[in-house]
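Across the two complexes that follow, chain A remains constant while its partner is chain B and subsequently chain C.
Right, the complex of A and B next:
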């Protein structure tokens, strides 16, 4: 048993748990986007940041991947944590202004507008890669991936054509935290997902 | 006696506030089938999984239900985490409490808890009816056999020998040199590849691991993965039978010349294979050689790029070896020339002329000239030729077709062999249906054929290695045949699209079928179609689904109804509606099924029998079934239930089929809401003994083998092009079906009535009991007497009947 403190509460954890898991087990809410219980965490969205340390020294870590340790002091809602989340949400708002989920979350933290440049006002995807991980880890086909680099990065099937590997299970749509995958699915699975897409031919 | 545990997830803010979990726990502990109930903040995270494991061991649970979120996404995690404590696939069920109850219905926490308890109760009953089977280990009882005689044989054999796996190659020729001499007949214009090919052939021939046998034509294949018997005809002798653990089929397609079309005469107007032959026997011709890539004009435009490659390769050889030869390649402007930049440059240096023609005008072959329309200036020109070389026609070929039939490779007539049957998750099927390589699969060049061979070799080698390590297991949810019930009718084989039903062990009638568990995808529409219930999906049986339907139907309150959602369509759409928080009618109670085709009509009838006022089936959109036409088959089954509802005097609309796309959750909401409206209009089914007896008659009728046989006849076969409703003689069939259903329903009612009578009973009394016309009963009674089902005795000269 590991003894630690989250938001002033004494909690117990076991080796191998993450800070996020321990917080959730004790009913403490930490917002997440790229985290899904069905896949391994990847720490892409950074929204689950928490502050660890004491009055003299502290640092910001992502709770979804930070392992628990004896005597750890975690603050999930400190001013510093809130400030970091506001920055993240402001950047996300610039990345995908069209996502109602992101807008609602930003509003929760008092972020209404963004000072960063937006490239596409219709973008919904935060590029967290959750869909890619589900496709690989849960479904086991790896039909989708991130394509391109930097600002050109996006989610799709190889060469942007209908994927032969896609089994059209829709797991990516189900786990997508912003609803962005729904618009992309048809280009990946093809029209008649069940049969036609997999039919012979080059 | 099973011990079922139920775990309720709070899921942060997403389930606990909307559903009163404490009350739900209390409701569930009243259920005699539930051994243990526990609430967890997050069952799926490390702390929760740890708690689940501890509870399974402490309370000796042998199956569990997790009431949390989407089974489609999270179930695998539970299966992996709980395998060490003895829970296997099929012993864990996940109910989407979050998506199907908390998020979509404005019920209030208490009402939501009641609804959840019904869904969980159904799942518990289903698990209770499970008889878990052991994992089936697959062993290789023989070497790998590569047959079919295609050139990819050598690539596959090379891959296998390099991995140290014993292989038999069954060839039609005695020496590989013979094949090398013939290869241009299947892959013209590939001479540049022959050195490498010969090296590969030599390596295979010299390897002690590879045994070459010269065989006659393939006549039979029986058995399953790990244990095949392959028989070859050997002249007039008895067929030679060889045992093999795995099969790779290497089949090359056929190349035909253009016959009498396009001026083909076999002398000056020839095709690629003939040109190749000419170069090697007579040498490169001098003068003007024109390749006309006429694939567009001969209706094979998909293969024009292959003809272009082979023409380029021959043209290059000609120019390099005979400077007096002028080469032009004429191509349809729609074709993009499949050459690399380097090849284009080389082509220019060699003076190979590529000339495009306008696709609007079909070029005309004339003596010494080819007339064509230039796309540049819209003027017709004449291209002079001394030799005109046409593209070949590509087809599977008669012999290859025959071999494919023996191997059980189902494909549409006139099409190539590559058919991808099912779009399912990799873990649902043990291996590819057939390891197939070569141009009969789909026209390709030599390089691609060999690549396919290597790939088939690699995958087979991986499978063999796994089997040798004792780690090759068949998927758990696959079809199995009960040999005591199977009559060998072959209906399952006919409608199975995944190829999982094994080739029968011998020819003739009444040969019991078997399933190759490594190929079966567990779709299960074959099992639902079996007239005798001989085919079942192990760990996921019709009995389990019936138990679920019955438990849910019994628990429904007035006004409530139930439905089934397919994991690829309806259920997925319901999950996504939950994610989006779209509200739907709370009276709907949705059950999960992995393919809607798994639903035996007996499951639907059972739901009505146990008190469901309506059943809504939510499948995939038409033509989108991931298994073997499960949606189409469900359509046929729903129409059967409709007929029976009519016969029972109930409204036919009480069962409905909806097609829902997972990416369009609104469709799910619409389907549910309009069915809810209809249900409100129709009201409940009367709960009296008479209606119960009718519904029992309906249940007995759908389990009647004759009705199931007639139903089986209408199920869409893999080679049929259209969704049901457009079949031949659809109306005549349907009328016959109605007659059969009426007859068997009446007989079923007679049997159950007579069973309840200790004394022989007269026809007048029978008619009164059944509220049927005497005239309708008479022929049925007569038939049942002659079939020996019932006995007729005479009392005072009047016929009386009793069960035999």
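Right, the complex of A and C next:
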């Protein structure tokens, strides 16, 4: 057993656990978007950040991947942590205004409006990559992937080619934290009309 | 050039002992005459772009009858004066050489010849001719350790490398030192990683040794040659000009760590570096300096080159590993260090090109010697690429701790026109912008970090009063926004949003609250981003805000760009007292926005003007103003 402190509370963790697992085991809430028990953590959404250390030295780490250690002192709601979460949520609010989940989470952190312009009022996808990971790690077919880099990144079928690797299992739709995946599935499999005409339906 | 040809050396076959290596070296040295004249033509990028291939061909054609050699080498560093030709052993230095100068150069090096006056370097201040390379301030202020052989050796000739001390350290280490002693020597040298973060190399190797022991696997050793900072070409020059130094450093590291496989990750944009490294590897294998049973010591090690695919982020260690493993180059959180779990989950030592290239001399001359160079916590020398508004654009190597002003002014010759520099961006796009007031800051890892900037890989961009800090910060942000891998939200979305706020400033739109927001968002990105690309991306914005806040305020409060750069905030005008009515600007204006008759002052039509600044550049009388 490993003894550590989260938000001033003495808690115990098992060797190999992450800070997030330990917090949840002890009923301490840390928000996440790209985390799912079924797949390996990837550290993409950064919402689960926590501050470790003390008054003299501290740093921000992501709780979903940071391993527990004896004597670790974790703050899940410090000003630095809140600053990261608020800005992420304010940016997500502008990025995918159509997602009720994002709006609710933002409201939880007092973010009701965003200073940033929105380019697509129907967007829901936050590019957390959960759909890609579940398709690879759980289903084992890798029918979806992230395409492109940086601001041009999107979710689609590998190389943007309509994929018949998809077995329509719906795992990606299930794990998607914002409901964005249901609208994308046809684009990956090709819409019916497109498939029948043999053209694909990008 | 060694007078024993490459082919003869290769025929020597694989050397099976240190003695056999030393004997080969003796043969090469005995066969070459140190007093034989060599005409050396720089084939660095700058000189190549200015036509040095034609210069070398012309010299080759002219030399036919004469008994001397023409040698082509890597970059000499003094790029703004290229194509460069140096005569050895005399040290006669010619600059801005054209193919037509070949005959004159040849005559000048023959018995009784006089230096070609028009090709000599003249001191810009005194106009005195300085015929010798060693007397030119750009070179005399340098201390060349990593670059010691670049500009002297033919990088494609292993014999030439061996004649200049190549592989001496390897022969010594394999037969006189244990792997632990090699690690200890590197630790004693105080060498810190030259790729940016400055982590002590010896300590990294030591932790790797511990991890290897714990896990029972051998390690991988990897060269990070994915140099991507705008305006940086240190590693490129080393790989192109002295590839054996990198290779020898890597073999020494492999020996120290018991690694049998190494990788060189080189960006695809460096084809010459890749070519020269491949040639070096082939030659080293043929001589038994690489491959199985190196120099008969029983130690096996080989290396392969992995080309990058154009992503800046792959210079980041975890992204680089992912890329070598054959997946999309995206970084991973590194709560377990790569010395424990790196490439394919194995203990891995990744060092930058310049770091590896330092190792052979540390082993040859001792860690003590190296630790005596530079300053206590930043030992040795550092190579910098000096670019921007500076007279002597090029590549320099100076001891750590050299004051910033000395690099810019003594070596760099200061800003063209003689005005003081405004700021220097050190550390590339992740670094910071240091103002003229900080010119005495010693250039070493810790002093630069304290000043809010960083060493980075060694890019140094000099700016003068015509550079706008808002525009500079925007430029670097845009670069990193384009290069962000997009995996984590703070970097993918945050850099774009920061840039949008700066776009507003450059148009005079914004408030002091926007500046506060910018700083707060920057902190969220620094804390929240997954890797160092995002984590350090706000640095140029934060340092320019720290040192040049007035300039930001001028943009948003007075709607004015003091440097005359931001197009929405400036206008060009013609001073009627200075204008001679020469019509030059009117002819050059792409918008036909300048009206006026010959010999009468011209006027710019502000409606038509697109503020390109061509009129200002073309005016010989300084009559065009920008405000």
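The rule is short, and it goes like this: the second predicted complex is superposed on the first by the 184 of 202 C-alpha atoms of A that agree within 3 Å, B and C clash if a C-alpha of one lies under 4 Å from a C-alpha of the other, contacts with A are read in each partner's own complex, and residues count from 1 in each chain.
The definition used in the following text is that contacts are C-beta pairs under 8 Å (C-beta built on N, C-alpha and C of every residue); 3 or more make two chains touch, one makes a residue touch a chain.
Bear in mind the structure is a predicted one, so any value in this text is a computation, not a measurement.
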Checklist entry - Once the shared chain is lined up, is A:121 touching chain B (first), chain C (second), both, or neither of them? => result neither
Checklist entry - Who does A:14 touch here: chain B (first), chain C (second), both, or neither? => result first
Checklist entry - A:174 contacts which: chain B (first), chain C (second), both, neither? => result first
Checklist entry - Taking the superposition as given, does A:139 touch the first partner, chain B, the second, chain C, both, or neither? => result first
Next on the checklist: With both complexes overlaid on chain A, does A:71 touch chain B (first), chain C (second), both or neither?
Outcome noted: neither
Next on the checklist: If we overlay the two complexes on their shared chain A, which of chain B and chain C does A:83 touch? Say first, second, both or neither.
Outcome noted: second
Checklist entry - When the two structures are laid over each other on chain A, which of chain B and chain C touches more residues of chain A? => result B
Item to check | Residues of chain A that lie at the interface with chain B and also at the interface with chain C | outcome: none
Checklist entry - Can you list the chain A residues touching chain C in their complex? => result 42-47, 49, 60-62, 65-67, 80, 83-84, 86-88, 91-92, 95, 115-117, 126-127, 129, 146, 148-153
Item to check | Residue ranges of chain A touching chain B (in the complex, touch as defined) | outcome: 13-14, 16-18, 21-22, 24-27, 29, 36-38, 134, 138-141, 164, 166-171, 173-175, 179, 182, 185-186, 192-202
Checklist entry - Tell me, which parts of chain B touch chain A in their complex? => result 10, 12-13, 41-42, 44-48, 50, 69-70, 72-74, 76-77, 302, 415-416, 418-420, 423-427, 442, 567-568, 572, 575-576, 579-580, 620, 623-626, 662-663
Checklist entry - Where on chain C is chain A touching in the complex? => result 311, 328, 332-333, 335-336, 481-490, 492-494, 496-497, 500, 517, 520-521, 523-525, 527-530
